[in-house]
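The two complexes that follow have subunit A in common; it is paired with subunit B in the first and with subunit C in the second.
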Partner chain A sequence: MSSPLILLPGDEVPSEYLPSTNSAPLRLGAGLRLLTQPSSNPSKPPSHVIAATQPGILSTDNRKNAASILSTPNRRYIPTPNDLVIAQIHHSSPDYFHCMVTPQAPHALLGQLSFEGATKKTRPMLKQGDLVYARVLSMGLGAGAEVELTCVNPATGRAEPGGLGPLTGGMVFDVSIGMAARLMRASSSSPEQQEAVAGLVVLEELGKKLEKTGGFEIAIGRNGKVWVDCANGGETAVKSTVAIGRCLSTIDEHDLNPTDQRKLVTRILREMKIES
Partner chain B sequence: MNKEASLSIAERDFILNALREDVRLDGRQADQFRPLTVSFGEEHGHVKVQLGKTSLVVRISSEVAKPRDDRPFDGVFTIALELTAMGSPAWENGRQGDLETYVINVLDRVVRHSNALDTESLCILKGVSCWNIRADVHITDYDGNLIDASCIGIMAGLQHFRRPDAVVKDGQVIVYGLDERVPVALNITHKPLSVTFHTFDEGKRVILDATRKEEQASEADVVIGLNNAGDVCYLSKFSGSPVDAMVFVNKSSVALEKVKQINGIIDKALQTDLAKRAKSGMAEESRAENDREIH
Partner chain C sequence: MVGPTATLTPLSRADGSASYRCPSTGSNILGSVNAPVELPARRDALRPEDATVEVFVKPGTAPGGVGERYIENVIKNMLAKLILGREKGYARRGVVITLATIGGESVGRGDSYLTLLPALIHTALLALLSAAVPLSMTFSATVLAVNASGEITREPSEKEAAAATSLHALAFSSKGHLLLNESQGAFDFDTWEKVHARALAICHGTLTRTSDGDVAMAEDVDGQPLEGTVRETVEDKLHQDYAWKTDAP
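Up next, the complex of A and B:
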């Protein structure tokens, strides 16, 4: 694939841009949808096209046989199955926790037993304002459909991919949806590739610099939330967390290139008086 | 759902813990404003204010109206502010929330009741006609500290606004168009601004210009309104937990410093705008000192 393909909502994805390496089914990510077009000739089967529902750059992954739209830094999150999100518990009912994925949007449902190893007796007791890292299981069909979340992989019963479940301590920072998607892509690829894949070196850089002070833990929600915790940071825990949050939001707002990102990290850590 | 989404427990705790170490989420000091820009539009009295991520537009307008019966010598000055869905998804059009009533109340007290705009100068003909000055505040983005941002916008707007000239001739009121006679600036008696503080940790930590998250995590807020001379024209602490009296005393001096600083920013913006207009507009031509050609 030579140049990036920019799509607008409603554009069809040309088939030569899609991964075609193996026979495994193609996985569609955020911003893409399979549309069925009835053919004009009734004897022929209807044709299928993959169309974009959001504007952005098409990104494909040959290894996982997946395609998705790398969206622009917008603010509105539309749930898509398999997205990892950070949700906030709003209230609970006998069967479900009602969670807030986007403020002022209808609540998403998270089953009381959708946690790793949860039974009626061992299920986590979450209260209002608690945070969970969850996966979007389904988003329902039609208007008024409820989004369902889960913290386990239904096939294995484990909290996969790693770290799903309640988030304790730490701090949540708001970033744009596009930034969250880029961070997600950067963190899922190896450190050497991060720059090439998403143009982001900030996490790797922060990881290097904050290693001495105990490192940090990060969870990225596709709904534009980033949870950061420096539990091992000791005295500098709060400062390191704030520094990470400031780095992320500045890069998001000013769309910095890798060189500037490195400079920014150094500058902010110096400003916050964190030794690296 | 006309309600701000509540903060998570983690955020609330973190903001408080960070403040105990004198750290704010955006790396500011406790007594530091976010970057403020004041800019003016094409017309007089059209102001854009950007305070961090909070942004708003103020539009001052004037019309000739009948003075109120009980105050025949006074003009009318009203401040209109509506929190619409344009500013934040938490606000609904046409429904008044607590925040809206609160902000309007404070603005009324700081700007209107302190007589920043001399309403007597707005009288054209006693009991018959006067100027009705109206300040419309439109919030375009909301990230906390609405009161201070609106106050800055209104005061900058009042100083920037020019109303049409009007004269009384044989008991008749004549209003000249903006291109017929040089429009007149409003008579500003003093320049009050509000400074909002939020308290945390049982009143031990006090910060100013809080963001939306900080506002939500705070215990109480204190609004101090004063002018460049240090005259306190407004002081309030409506709800929330108790605040020590010394906070008011100490923070008044901080507020004075901030008011001077912000008034400086407004003055500078006004001057740049005036210089720009002088270059392009008719102001220079229509000066009285200009040579007249006599035919």
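Up next, the complex of A and C:
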């Protein structure tokens, strides 16, 4: 990727930047829309242009034949089906848990029985303030539509992908939407590739340094939340959790490059007096 | 002529924010955008498929009054045309824009907001871009003062505005449409035509291809077109945010 194409709302995407057309139709992602320009000559078919609706860098995927806009990383999260989010229970009703995904947005619904192995007799009793790692099932249509979450794959009845369900212990840190997406890409690739894929070495570095103190568990929500737990940490558990959170939020705030990320991890662990 | 300067996302808690400083009018505006948010009460019943745009203008020192309510309405009507309120996640939600005067000369109670209007709508635009609110296009705006001898001054200071016979605030979309035309004072059509040509040159620069030399010269005097300033600010911020992606070896 030599020179990225930056678009502002209303800009048309030059056709040479789009994936070369093969038989599959082009898939437009967030921030792009198809506009039809009626031609002045009625016998000619109307022409189509693809225009941006958000400012950002054009990102194309030749394999999936898709194009989308990578927009500013600080925006508000808008739920999209199949996103993994960390939601907080606000209150519960006979059929649903009402969860907060982003502040100042209507509550999302999580079925009382949409957990792995949940039946009417045995279901998780979640209280106000509890956390769940859930998948966005649907956005809903029509007026008054509510976002629905699930912790189970309805087809198989299992928690897929793994780890969905209530999050116990640990602590949640807020990061920007862009950072959450980067962390997700980094954690889904192998440790050696993390730097190339998302420019992040922090998870790998922390993993190496905290191995001796029992390691840590991390869950990343696309809504800009990161849950960290060091259940095996013994007496350093709380310190390690806070250190990981501090590393992530500092990197997010200051846009640190991989070298600075390594330095930061060393510095914060030393400041917090965690042996590595 | 010193052009305006702007910063994107100076506030970390808002969904989008921008600060904007225009040296010639002396205005300094901080704006924030929160979108999409749930509206208090059911204010959305009239247009259930669209987003509701709300604009708040806060003067520097005094509490808001009639002048602020009026200019809020002008800004709201203009921005509501550009915001794509039917995009995913925006229908029946609110787009809340707050613009605060944090420096420069504050507008007195009952005084005209026209000199501040371009700075206010530029701040609103940059904050909307920072919040990645879907927009159909971008725009740029300017204010011009015409004095008794017919001279046109770009972005007048408080004193020049007080001495002017008429003030004109104009905004042009990135495609060249006239989006906003607010004038005050006594003027005739010829004056307005001149003001329009000059404003178009200030906002777009190269777009005016008239035969007379005046407009071409004005373009040189005005320096970089405002459209370019907006674009550069956003591009710089995106380069900074995506440095991990673009600078990767």
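To be clear about the criterion, the second predicted complex is superposed on the first by the 201 of 276 C-alpha atoms of A that agree within 3 Å, B and C clash if a C-alpha of one lies under 4 Å from a C-alpha of the other, contacts with A are read in each partner's own complex, and residues count from 1 in each chain.
Keep this in mind: contacts are C-beta pairs under 8 Å (C-beta built on N, C-alpha and C of every residue); 3 or more make two chains touch, one makes a residue touch a chain.
These numbers were taken from a predicted model, which means no experiment stands behind them.
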First, second, both or neither for A:88, with subunit B first and subunit C second: first
Contacts of A:213 with subunit B and subunit C, given as first, second, both or neither: neither
Partner chain(s) touched by A:8 [first = subunit B, second = subunit C, both, neither]: second
Partner chain in contact with A:79 - subunit B first, subunit C second, else both or neither: second
First, second, both or neither for A:150, with subunit B first and subunit C second: neither
First (subunit B), second (subunit C), both or neither touched by A:31: second
Touching partner for A:68 - first (subunit B), second (subunit C), both, neither: neither
Subunit B versus subunit C as contact partner of A:55, first or second or both or neither: second
Touched subunit A residues, subunit B compared with subunit C: C
Touched partner set for A:171, first subunit B, second subunit C, both or neither: first
Where subunit A meets both subunit C and subunit B, residue numbers: 104
Subunit B contact footprint on subunit A (complex, rising order): 88, 100, 103-104, 127-131, 167-172, 227, 238-239, 241-242, 245-246, 268, 271-272
Contact footprint of subunit A on subunit C as seen in their complex: 8-9, 12, 15-16, 34-38, 48, 82, 84, 87-89, 92-93, 129-138, 173-175, 230-231, 234-235, 237-248
Contact set on subunit A toward subunit C in their complex: 1, 4, 6, 8-11, 31, 53-57, 70-76, 78-80, 104-106, 139, 143-144, 178, 182, 196, 198-200, 253, 255, 257
Sites on subunit B touched by subunit A in the complex: 1, 4-14, 17-18, 21, 23-27, 89-90
